[in-house]
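Reading through the structure tokens given below for one structure.
The first chain written gets the first letter, and so on, giving A, B, C and D; residue counts start at 1 in each chain.
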Amino acid sequence: MTADLDHDALQALLDRLSKDAPRCFNEGKVADYIPALGEVDPNHFGIAVCHVDARVQYAGDALTRFSIQSIVKVHALVLAMQRLAPDDIWSRVGREPSGQAFNSMVQLEVERGVPRNPFINAGALLVTDLLVSRIVSTQYTLREHLRRLSGSDDVGFDERVARSEMDHKARNAALAYLMKAYGNLDADVETVLDTYFHGCSVAMNCVEMARSVAFLANRGVNPLDGSRVVSPVETRQLNALLLTCGLYDAAGDFAWRVGLPGKSGVGGGIIAILPGRMSICVWSPRLDGYGNSIAGRHALEGLVEGIGFSPLG
Amino acid sequence: MTADLDHDALQALLDRLSKDAPRCFNEGKVADYIPALGEVDPNHFGIAVCHVDARVQYAGDALTRFSIQSIVKVHALVLAMQRLAPDDIWSRVGREPSGQAFNSMVQLEVERGVPRNPFINAGALLVTDLLVSRIVSTQYTLREHLRRLSGSDDVGFDERVARSEMDHKARNAALAYLMKAYGNLDADVETVLDTYFHGCSVAMNCVEMARSVAFLANRGVNPLDGSRVVSPVETRQLNALLLTCGLYDAAGDFAWRVGLPGKSGVGGGIIAILPGRMSICVWSPRLDGYGNSIAGRHALEGLVEGIGFSPLG
Amino acid sequence: MTADLDHDALQALLDRLSKDAPRCFNEGKVADYIPALGEVDPNHFGIAVCHVDARVQYAGDALTRFSIQSIVKVHALVLAMQRLAPDDIWSRVGREPSGQAFNSMVQLEVERGVPRNPFINAGALLVTDLLVSRIVSTQYTLREHLRRLSGSDDVGFDERVARSEMDHKARNAALAYLMKAYGNLDADVETVLDTYFHGCSVAMNCVEMARSVAFLANRGVNPLDGSRVVSPVETRQLNALLLTCGLYDAAGDFAWRVGLPGKSGVGGGIIAILPGRMSICVWSPRLDGYGNSIAGRHALEGLVEGIGFSPLG
Amino acid sequence: MTADLDHDALQALLDRLSKDAPRCFNEGKVADYIPALGEVDPNHFGIAVCHVDARVQYAGDALTRFSIQSIVKVHALVLAMQRLAPDDIWSRVGREPSGQAFNSMVQLEVERGVPRNPFINAGALLVTDLLVSRIVSTQYTLREHLRRLSGSDDVGFDERVARSEMDHKARNAALAYLMKAYGNLDADVETVLDTYFHGCSVAMNCVEMARSVAFLANRGVNPLDGSRVVSPVETRQLNALLLTCGLYDAAGDFAWRVGLPGKSGVGGGIIAILPGRMSICVWSPRLDGYGNSIAGRHALEGLVEGIGFSPLG
């Protein structure tokens, strides 16, 4: 286990990763299941790290906002953990890798409406249902939560993306109605979907996103303001969940290659956590067949190699 | 992140865990699918740690040998990684959590004979096939491998257990023949099964077992003799695989509760790795519904809590 | 192969079946997933046959109307076959037994939104989508279709049942949205559901129902008015589909015991066809675990035995 | 419903079907999973009918023997029904369409080792297990059974085919071992496989085959010698099972197109039953993707159309 890189060496590493990213620009394609996502320039690349002392370093398009999509599932789960008792959450959603695509119905039916984990779509809809059922002004509360975590007061929903998601809601509606059929969804399905899609529509840049999850590298304390987000044990649990379930049915491969807790979104963002050291956000819109950013994953592999340290040895 | 416990504090912790273990002795039951396993006294408990400087500490029945069963899948995979090129392995078996019971056929058929990972039964049979097809005297080689890793010259097969497994081979035979039907098994099925069951039959105690996987805490170097077992990168990869796939369909729950790379066997043993610090082996025969040792898992939770350190924050 | 029973002998048989039906009244239970269905007296039993010369014979509560529920899937498919080209139907829905429960999502996902056959819920929703997308005033047209087939001008929707179904739409909504997600549903999901539930809500009695499907015993000609409903070949095809797919995952057992093309509904009705001879409708609300009327199925077994003739030898 | 064709008209129809068969000779391919099957000339076509008065008519290569393969599942089930009590059979194997390919393991695992019906491979292995466990000299008995039913004293096993099947046993071995694992297979797996493969290896021609199943058109009595094979009720039940389960996952399509109880084999043979009239055997080796003879199925469609009669109207 080696010491951390110093500031300059890390900056050089980030700059090199950013410079190398275009090598991946002939592969993959931008998510286009909703028009609003398909319009982004596919050849962006940004990377940012937030140290546990709140220092931020970045390279590339790290100040360009992108649609955070499924990464918001992490923030939503954290909000639920802050507001609800553990049993109220974990009696309704599991903590196991799904071994299936992120939007699979098969498993949800076999397991009678209980989603495998909070990071597949069904699980995130379930968490949204918990929030909608227990918190007034859920959308407002979620937005404030994201602003506080990221330290950016103007983070917000992209209404055009949210509306576009709602126009293409069929599969998520099917998941929500199936949970409803099994009695595992309390709120109105349309309300749950609207709130979920608003969460997915949030636009953030790499710096904001890295900041917003820095507490996961810092035993639960947000380094920006010193506030406790979750307990140290919950931090470890969240990181475990991210490591086993954060990248859908490519979670094992990501763990093998990168070895860090992580979460991806179809907007091309990926977060990763180096516990005790830093949080990382990388963004590049071209996706592989699993819906994960190709250049993003390569950059994270390079980062871990360059830093020469991993929590897994 | 706190410093390690010193020698005495850790010993006190191990002793306490050993003393507390009987609290779990009214739950679960010993694996009895083969008579030879069912005969063990269910109320054993042992725990051992092997530090990266090769020092060993232990408590309880840590010197009583038990049937290592599925834990041998780790050693077998390591042997395959030593002898074969990565592509020869990973083109034949995946690296993803299965999301299914350890002996499921469903997934194996859907994925046309390619097992999800090397730690479910199908995957371990596949690794055994690789070994049998490429290595002469596979059983002898595997036994020597285990002796070298554990530093114990008299570790060996329990022929009675191996025979008993062969007498109850039906489900593993079904898995092996299904892979054969898909052209993903080269060797004779009976030979693969016999070799696999011999591996599962190996008897080791907690100290021997902790030593045999200490290289996973030591960036790939066996602390007993300083020999390199696998490279640092391979070590990290193996730990990632253990963390995502080591406890079958309870992998997510184990990661949530314990947060360490681990592997269990139906003999009641569990290994866990604290990268950079130590390897751990705990043993207690009573199993939960997933086939994992109840007292063993509780002890590992207590150990992580007592040490106050986890690779995941 | 024996001759048909004469009028009096058949009447005696129907009377005996009606008298024997209460033997089944200690088993099964009334469908109660919607309150409006759960209110029916469970101990009704009615049976009616409609000969190919339009004569009707009946016994028991054959003039009491009941909720026809899934039996309407037959009439809806016939309406679609009258109005659409075969390819427009059979490119969108299969003709194979499902081997699954009537409301399974698993198969629908595996087969990418194409339902196995028109008699499982997904298939009936698909047929409803075809009707809604191609026919103006679909509900009115469907009601007129049922009135014409049954010869009863006051057959109509039970709005209370239709509303109650809509209030408990979750599972059917999940099926419809999943087909939508796969691009296999054209119309608005809510409109499809509303039309489908109205069809299910229709109330008819055994005599009306037997008349409404008598064309299936008469090579496609409605014996009431001599009008052609479908061609002889289509008649044979519909009977084949009813025989292989009419009773969900109990289709094989029903074929084994009764040996006639048939269709059941959770209102307790079952229709059966004795090609060249007669159509039959039996009704009794207590259902078995597959959602089929217990007394109804027993009566059909007794009828076939009493008549001493079966199309299958 | 029209009268039967007279002798000359039917002969003209058979001759025409035989003459038209080569139109299908540019599609499909011969089963080649074992070399012995792959050697047959793909452009054979034969058809034979056996009337309930034992008269036989035929055309094309109806006197050339072919490998009956899965059609023997019918004869084997009949033998089991003659020798065992119904409960001894139907507590071990179901009577429902599988909705899956003939050699699927998924369903067999989900349903814990109980095959869906006796005509999928798992079900036929189960029936073979029943025979092997209850009858001495099973292979001899099965051969005598086939000789008696077909009226041909020299019908027998093709040892080369049987050996070749055994050499490629992997998938059937997987099915058998999985049933063994669930405690639903009594005999030794190798013995069951050997007996099953011998049954599949039997060589018969269309005339012999049509004769051997003529009892299914004749309420259970073999028209060759007037002996009762099964009861009238069992005959109806067998025909129901053939209609719902005889053509694997193409059973619904076959029922829709042909409308007769039938059973196919990968040797290219198909039998069909016109209850009360005749049994039919057609043979042509080119198979569609479901393993059913293409020219065979077309000829059966033409036969039903030409005869103008179907049990389903």
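Please note the rule applied: contacts are C-beta pairs under 8 Å (C-beta built on N, C-alpha and C of every residue); 3 or more make two chains touch, one makes a residue touch a chain.
Everything numeric in this text was worked out from a predicted model, so none of it was measured.
Taking the definition of touch as given, a chain qualifies here only if it contacts subunit A and subunit C alike; none does. Taking each chain's centre as the mean of its C-alpha atoms, the one that lies farthest from the centre of subunit A is D. More C-beta pairs touch across one of A-B and B-D than the other; that pair is A-B. For this pair, subunit B with subunit C, the centres built from the Cα atoms lie 56 Å apart. Centre-to-centre separation between subunit A and subunit B, using Cα means, comes to 32 Å. Subunit B and subunit D have centres, each the mean of its CA atoms, that are 48 Å apart.
Multi-chain contact residues of subunit B (touching two or more other chains): none found.
All chain pairs that touch, listed by label, are A-B, A-C, B-D, C-D.
Considering their complex, residues 104-106, 108-110, 169-171, 173-178, 180-181, 189 of subunit B touch subunit D. Residue ranges of subunit A in contact with subunit B, taken from their complex: 1, 94-100, 107, 116-117, 216-220, 232, 235-237, 239-241, 243-245, 249-253, 255-257, 259, 261, 273, 275-276, 310-313.
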